[in-house]
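The structure is given below, and queries will be raised subsequently.
Per-chain residue numbering starts at 1, and chain names A, B, C and D are given in the order in which the chains are listed.
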Amino acid sequence: MTGPLPTGPLPTGPLPTGPLRAERPGEGPREECGVVGVAATTEAAPLAFFALFALQHRGQEAAGIAVSDGQRARLHKDVGLVGTVFTAERMADLTGHWAIGHTRYSTTGASGVRNAQPFLVETRRGPLALAHNGNLVNSPALREGLLDRGFSLTASSDTEVMLLMLAGAAGGTGTAGGAGPAGGAGPAGDDSWAGVLAETMPAWLGAYSVVLLGADEIVAARDPWGFRPLSVGRLRDGGHAIASETCALRTLGATDITEVAPGEIVRARGGTLSRWQVLPPQPTSARCTFEFVYFSRPDSRWDDRSVHLVRQRLGEQLAASAPVAADVVIPVPDSAIPAAVGYSRISGIPFNDGLIKNRYIGRTFIEPTQVLREQGVALKFNTLAENLAGRRVVLIDDSLVRGTTAGRLVALLREAGAIEVHLRITCPPITHACHFGVDMGHADDLISARLGIDELRSLIDCDTLAFLSLAGMMAAVGHATGYCNACFTGHYPIPVTGSGPKDAFERVLR
Amino acid sequence: MTGPLPTGPLPTGPLPTGPLRAERPGEGPREECGVVGVAATTEAAPLAFFALFALQHRGQEAAGIAVSDGQRARLHKDVGLVGTVFTAERMADLTGHWAIGHTRYSTTGASGVRNAQPFLVETRRGPLALAHNGNLVNSPALREGLLDRGFSLTASSDTEVMLLMLAGAAGGTGTAGGAGPAGGAGPAGDDSWAGVLAETMPAWLGAYSVVLLGADEIVAARDPWGFRPLSVGRLRDGGHAIASETCALRTLGATDITEVAPGEIVRARGGTLSRWQVLPPQPTSARCTFEFVYFSRPDSRWDDRSVHLVRQRLGEQLAASAPVAADVVIPVPDSAIPAAVGYSRISGIPFNDGLIKNRYIGRTFIEPTQVLREQGVALKFNTLAENLAGRRVVLIDDSLVRGTTAGRLVALLREAGAIEVHLRITCPPITHACHFGVDMGHADDLISARLGIDELRSLIDCDTLAFLSLAGMMAAVGHATGYCNACFTGHYPIPVTGSGPKDAFERVLR
Amino acid sequence: MTGPLPTGPLPTGPLPTGPLRAERPGEGPREECGVVGVAATTEAAPLAFFALFALQHRGQEAAGIAVSDGQRARLHKDVGLVGTVFTAERMADLTGHWAIGHTRYSTTGASGVRNAQPFLVETRRGPLALAHNGNLVNSPALREGLLDRGFSLTASSDTEVMLLMLAGAAGGTGTAGGAGPAGGAGPAGDDSWAGVLAETMPAWLGAYSVVLLGADEIVAARDPWGFRPLSVGRLRDGGHAIASETCALRTLGATDITEVAPGEIVRARGGTLSRWQVLPPQPTSARCTFEFVYFSRPDSRWDDRSVHLVRQRLGEQLAASAPVAADVVIPVPDSAIPAAVGYSRISGIPFNDGLIKNRYIGRTFIEPTQVLREQGVALKFNTLAENLAGRRVVLIDDSLVRGTTAGRLVALLREAGAIEVHLRITCPPITHACHFGVDMGHADDLISARLGIDELRSLIDCDTLAFLSLAGMMAAVGHATGYCNACFTGHYPIPVTGSGPKDAFERVLR
Amino acid sequence: MTGPLPTGPLPTGPLPTGPLRAERPGEGPREECGVVGVAATTEAAPLAFFALFALQHRGQEAAGIAVSDGQRARLHKDVGLVGTVFTAERMADLTGHWAIGHTRYSTTGASGVRNAQPFLVETRRGPLALAHNGNLVNSPALREGLLDRGFSLTASSDTEVMLLMLAGAAGGTGTAGGAGPAGGAGPAGDDSWAGVLAETMPAWLGAYSVVLLGADEIVAARDPWGFRPLSVGRLRDGGHAIASETCALRTLGATDITEVAPGEIVRARGGTLSRWQVLPPQPTSARCTFEFVYFSRPDSRWDDRSVHLVRQRLGEQLAASAPVAADVVIPVPDSAIPAAVGYSRISGIPFNDGLIKNRYIGRTFIEPTQVLREQGVALKFNTLAENLAGRRVVLIDDSLVRGTTAGRLVALLREAGAIEVHLRITCPPITHACHFGVDMGHADDLISARLGIDELRSLIDCDTLAFLSLAGMMAAVGHATGYCNACFTGHYPIPVTGSGPKDAFERVLR
């Protein structure tokens, strides 16, 4: 076991003055990435493919798979959906029993391919590929450390930083990073990447659920706070799979699914799964509550809870805490449907559809111009007037980020004849940026950081507006503590003053 | 008004001995096409694009838009989703106030581009483009007629046949087809394509909702049986739009939406909408009931009914006619959700989700192999065990075509712990092929044509199985007559003996 | 044998007022097309491919191959070089013993794919594909005739007109065109496309070397004036090949190579070559002299002459008629090299290289801007100062069309130190547009149509300028008559008043 | 000035047992790369583009350009010809006054994009891009050194090794490589990459002509042996350009063109060109003679000689040393044309064309099968029988590598009627592999390494065969020493025992 985690003050430096991240045109918060690792007795790449397909909701900008046949590794990644990036022809090249994969969302257009994951390199210990979900708050300092040591970087992502640190630690004479090595703890003496990873992890501050591909092994780890999900299961024909969400493991038909614990390393090699608790879990873990509220697929489980059931309970809590006299409960599809069912169940107000979402939205870059929008062109939602006209409507949405969508939806409902619209949100107001892997935009984008409830209600033009309280939300989750609610409270589990501008890199390479 | 429709015997010939259409690998019935026409005061192509986007569910194989600037026309079409086929760069080329568009599903791979719509030609009367939804039962005879006249064909679709007939009728010396011209009826004397269309329509037997693009007009028509939907609305800034479904018109912000009546021609030109009842509507119209059951988007209206509400009533009818003691009502997403809500409402059994569908399904051509499937790899659905384990489940599906999906779903539910599974189908058994534009495969594919209820139940391995009766289905629709239910009854509104093999063309061109 | 050719006045109509053809950015004249037909005992498409590769100089914009397996035909064509359009994957689809191919140059960008050849259709008599090199002067009238008959057109090329006429003549009830059918002449009674072609050819006025693909035959014909080349040879393993130039037949290893005679039809089927003289050759044939001067590959033979040797003799004639005291003879590479060798041989002035051409020119669409050009950026040619400095230079070029290139080259030579530059052109001044398949631009582009020799010399800024005379050119060819020299003389072998604007079509379809 | 170059024994290790490099399907030797650097007062990327266009003959597999705007750099590279890789759209993104470019030939298919140049990274000192022509004989040892230091690699090329070493030397705490730093010599104290380069160059053994892009400068250097060419010139509007060959500089209109001296670094920044002789030129330089014989464009100059004139003199020398009674001198186009002119001049035997080469060869991946070849299908050359039949032919070729092409050409000439064929080669027999940047294949491929003149003559089936002697070749070049003739003699200017397998990398990454 390693010594205590470095919890002292982070390297100081000028405070970030620019935006934390480039603004994104979309409206809602979105998870950055999904990761998968497969060690199989048959070809691993198809399994990685099907798992990525199940994780597509965690990133639709780019996808990649790296494979190894025991000696040599190969990589294919590109911009696009999983089903587009991987043709049958491409898959045929990806042979071997070990594979990792990644699906990615990003704000930056031009750098899309450059930052696509996994990254694959040759190292002193053979091939190494890495795919990552999360965000390191000390990556600027780690970058500087690498540059100081004479390393060069080709991309702006944490992923390359992590990969170069591992490769650097694997080199005969180098050391892992600014932080000291792990000594003999964890899988020390192990000849696999697990040992190098154990040495290097103490230097990483922030959220990371990471999978590594070595010549003949898959290694994965989760940060000691447990910010982002990561689970492992057994494949029916032997071998193991690791994935961001259990829905992907179930798509593979995996059984014996368990979480990779905060601070734990798992390694799948030769049909055996090894596990080491290399970093002590933080006294209070910091799972992302937003995974339950919005990100994860409803058929995933996390922290021994069903995402679907948590969402139904969010609606039930909301019905209890913010009741209203109304005729119909309408969800904003798709993520708010279970909560609307829950709200209906407790309130007794009938559930029904009122908004129909275009299933193909997000597959086009051509959006209605302002002129067309004023003429009524609305690409995303149509209303069902038959369920709305003359009715008092409770509209359930999962969260409120910028407020623009909510305002448009309320207007749509009124246009369809709703006589009252009561907006109910299944989480508290989002007032602070996320520094642990969710791209909500920076604080200026967050409408709840600037306006109170009354102002918001007035802006959105709904009859009443209510958020679920923090306590209500955690009651639905079923745990009072152990979760990161920094976006609601500003209490970051790790100090973020040193996190610095992520786009420093972009000041050097375009 | 034209003379009586040619209802006599169709041109005789050898009966088709092969399959009516090539078999399709998919399992469920799917609609062939969506069409749109726009006559605007601004650029028409973007509006056509947004309308096609709303009709994407009616065909995901190919998409196309033809535009005219008043004199010259231009076409772009390709294989792919609407959002893929039309980039901003492509859209910039498509200038003009008149546009038609098409989105298409098809069984044939290689011929994809060749058969993509619209078709665009130069004729004696200027440019003419055509997009079509439906299926002519006499198209083989019409093809032969064209070949006999020395016309040549480049594709296998009805669309080219219809276009060549219109162009042929517009030529100074030619006539429309085997049937006599329309004389002075309808829009005769009209200098637009409406007149040519009126002359030619009597020769077409079958289902057609068709839009035409002339140099400075949009013309549309619907067959006198009214098989497939077609509606027209007014754009807010002037001009008009025509589309297969009202959901597309509402996406454009259109108002004053009405159906194009069976046998009616509408023409949008110069801000004016003209309408002619050129063919007498058939005494009994033959709307496709399956549009309500499965095809149309729930936010569309047809025959003055909301598709969504009809689907809820289908579930209500089913609850009344096929009750069962159970703990939860589970829909097969997405089309069966309203029916499940309706079933729940009448039965009092709680509605809940039990199957989660991968939203990105259909975007990949890589499917699990049989070996992977046996290992449990399941791309399309995951279960929510928390709503199923230990429960008696009512599973609602819209229809039963080949039975393979239903069997797999029942097995999935049982695997998730369901102790009973009662399958309820919102329409009667499908026993006959469709010859009017729905690609259900031919009779041999239809499981209900070969097996009785008990055999089906045994095959699917559900505890009970019930279909909604024809009367129950029509009660949910709200009309006892005026609908084509041939796929349930075998009573075809038009004799189909002459329909012949559609793939005759493929015997000449590959 | 058919009756006399229709040599009377063409259908009258308004004279063309616009440009004959859209202007082309390039400077020199270029041949439109190359065609090939193969009837083999093995796969025909690879042979067509290699032949097209040898004809690439006749058209670099688009390429296509249509094949038939005896019953069904298939087509692939696209914009690009032959080697780009046909990948191994594409070739694998093109199976069958009969194939025709086409390579094309064109001025129009957007319409590239639409006008690419061959065209392939289904007709009353089965599949028919056509590829064409030449230009019909009465195609506007033929187009009108087709439109009047109710035919519709999708492209602007003569090729589609010819194809539709053949298909139309093959239809049971139609007739070939305005001109009467051929009666029992030629291959009448023949069940092949040769008979239809014989009937239809009298209606075509102008230059055509055309190849047809039927279900199990290749048919080819040449206009009775013999404007453009077309030859046929025997393949070593049986079968026959037909191609625009003998260089393509030699690339296939063909033997027994003979010309298709003016007015002749040849048909390759079942290992047998049949030939019919269906139209009487014109009393005076009208071969294009420019094929010798510029277009054809030097390793081709035409009219029993070697293109290479004719070019050397052009140089010899020029040396005799326009001698000058000089130190070195420099060709403009590549087409003028043989003439420079000939000039050197007769004059005794040493031949040497002085201009080096970038072999990859034409593979980019990015050209130096005017500003860059003024700074000396010159993409196409560099000079060899060691052969030029202090020398009196005879510069040999094949022809002078717009004069801009010649002026730039003279300036380059002077910059490299040439003390005198004497420009010698291996043909007379080009003063008239070509209406028979060479895209020289219309009369306004032709610098020699506007300026006399002295003005030209002054404009180009050379010390002396001389053209080869018509007599000298024909002496080099070795025939005094039988050639079309209309671009030099304005004496068109066929009246062209009715030829009309080719881009009429473009006024309807963009 | 740095201390003495490390000329001692190279790091020992196991001798390479496999092929030096993967075998290449082509037959002739080909140069690997062309490089260019531009520091301009206007946009630099278009100038780099036009220069690469002029260097296309040095590599047709991939092309790339990196630019900097003074602060940030950007890169675009891809597989394909220069004109294909760089569209107008791509060029628009490449803004800035500094650019480097690369064009590349390679044997490896799959790794094409990964090894394409330039490489671009972020370093401690800002952006750094590098493009390279040549081959380091100690790169395996350098690679090992980098891996030992914990660096990771993504490609197999020397280029990445060089780049990582420079970046490593620029890091605050690292050192350049195994060799000691340069101390205060050369551009020491210089804040530019020139200083880092000066420190690092001593560690590089082998051939390198390299260009670097910094934030606001272009730096270039040439190895102290001067293996490969590299020249610098002044742009007309200010600024400077550096390129592999002078033909590229002349394409840009550059003046004051001089060579970058062996061991010299040049830097272009702020309109000023600085030069440092950082490494002492080797006592005997080792320019590649093959640049004159085959590689360079004839309009380039090197070592104060015109490539074109050297080639003519090679032919003259050959005529003097290997005369023969014959009727015509025929070159193998294009590279042997000047030599054939020279041979003709001295021998008095007339020069003429006898082989016509398809200009588009190399643009297709579809080659005739063996069966087709036996039937006479010959893609590359046709003969001009009129210049060959009944003649005694002297055939001039630049070099003889594998012998297969020569045998085919002699057969072609005989087939065309040549009664005698006398093959004359403008250089000595090639008997040893090149380790300095020319991909001739390894020794087993070299026919002259295995067979004597008589055997070769018999194999090729020519009447006589003669090579130019080493002395004759050097006489044509005009220098007796200072050139690397290792491929003819086996006397390598640098010991190559340690050069090791280049494809070590491919054993780890595919």
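Everything below uses one rule, namely that contacts are C-beta pairs under 8 Å (C-beta built on N, C-alpha and C of every residue); 3 or more make two chains touch, one makes a residue touch a chain.
Keep in mind it's a predicted model, so treat the numbers as computed, not measured.
Put simply, the chain farthest from chain D by mean CA position is B. Rounded to whole angstrom, the centroid-to-centroid distance between chain B and chain D, based on C-alpha atoms, equals 62 Å. One inter-chain figure worth recording: chain B and chain C are separated by 49 Å, centre to centre, where each centre is the mean of the chain's CA atoms. Taken as a graph of touching chains, this assembly forms a single closed ring in which every chain touches exactly two others. Those residues of chain A that touch chain D in the shared complex are 71-75, 93, 110, 120-124, 126-128, 147-154, 163-164, 167-174, 215, 505-510.
Chain A makes touch with chain B in their complex at residues 42, 46-47, 49-50, 53-54, 56-57, 81-84, 86-88, 91, 235-237, 247, 250-254, 297-299, 306, 308-309, 334, 337-338, 341, 345, 350-353, 356, 358-360, 363-366, 368-369, 371-372, 375-379, 382-387.
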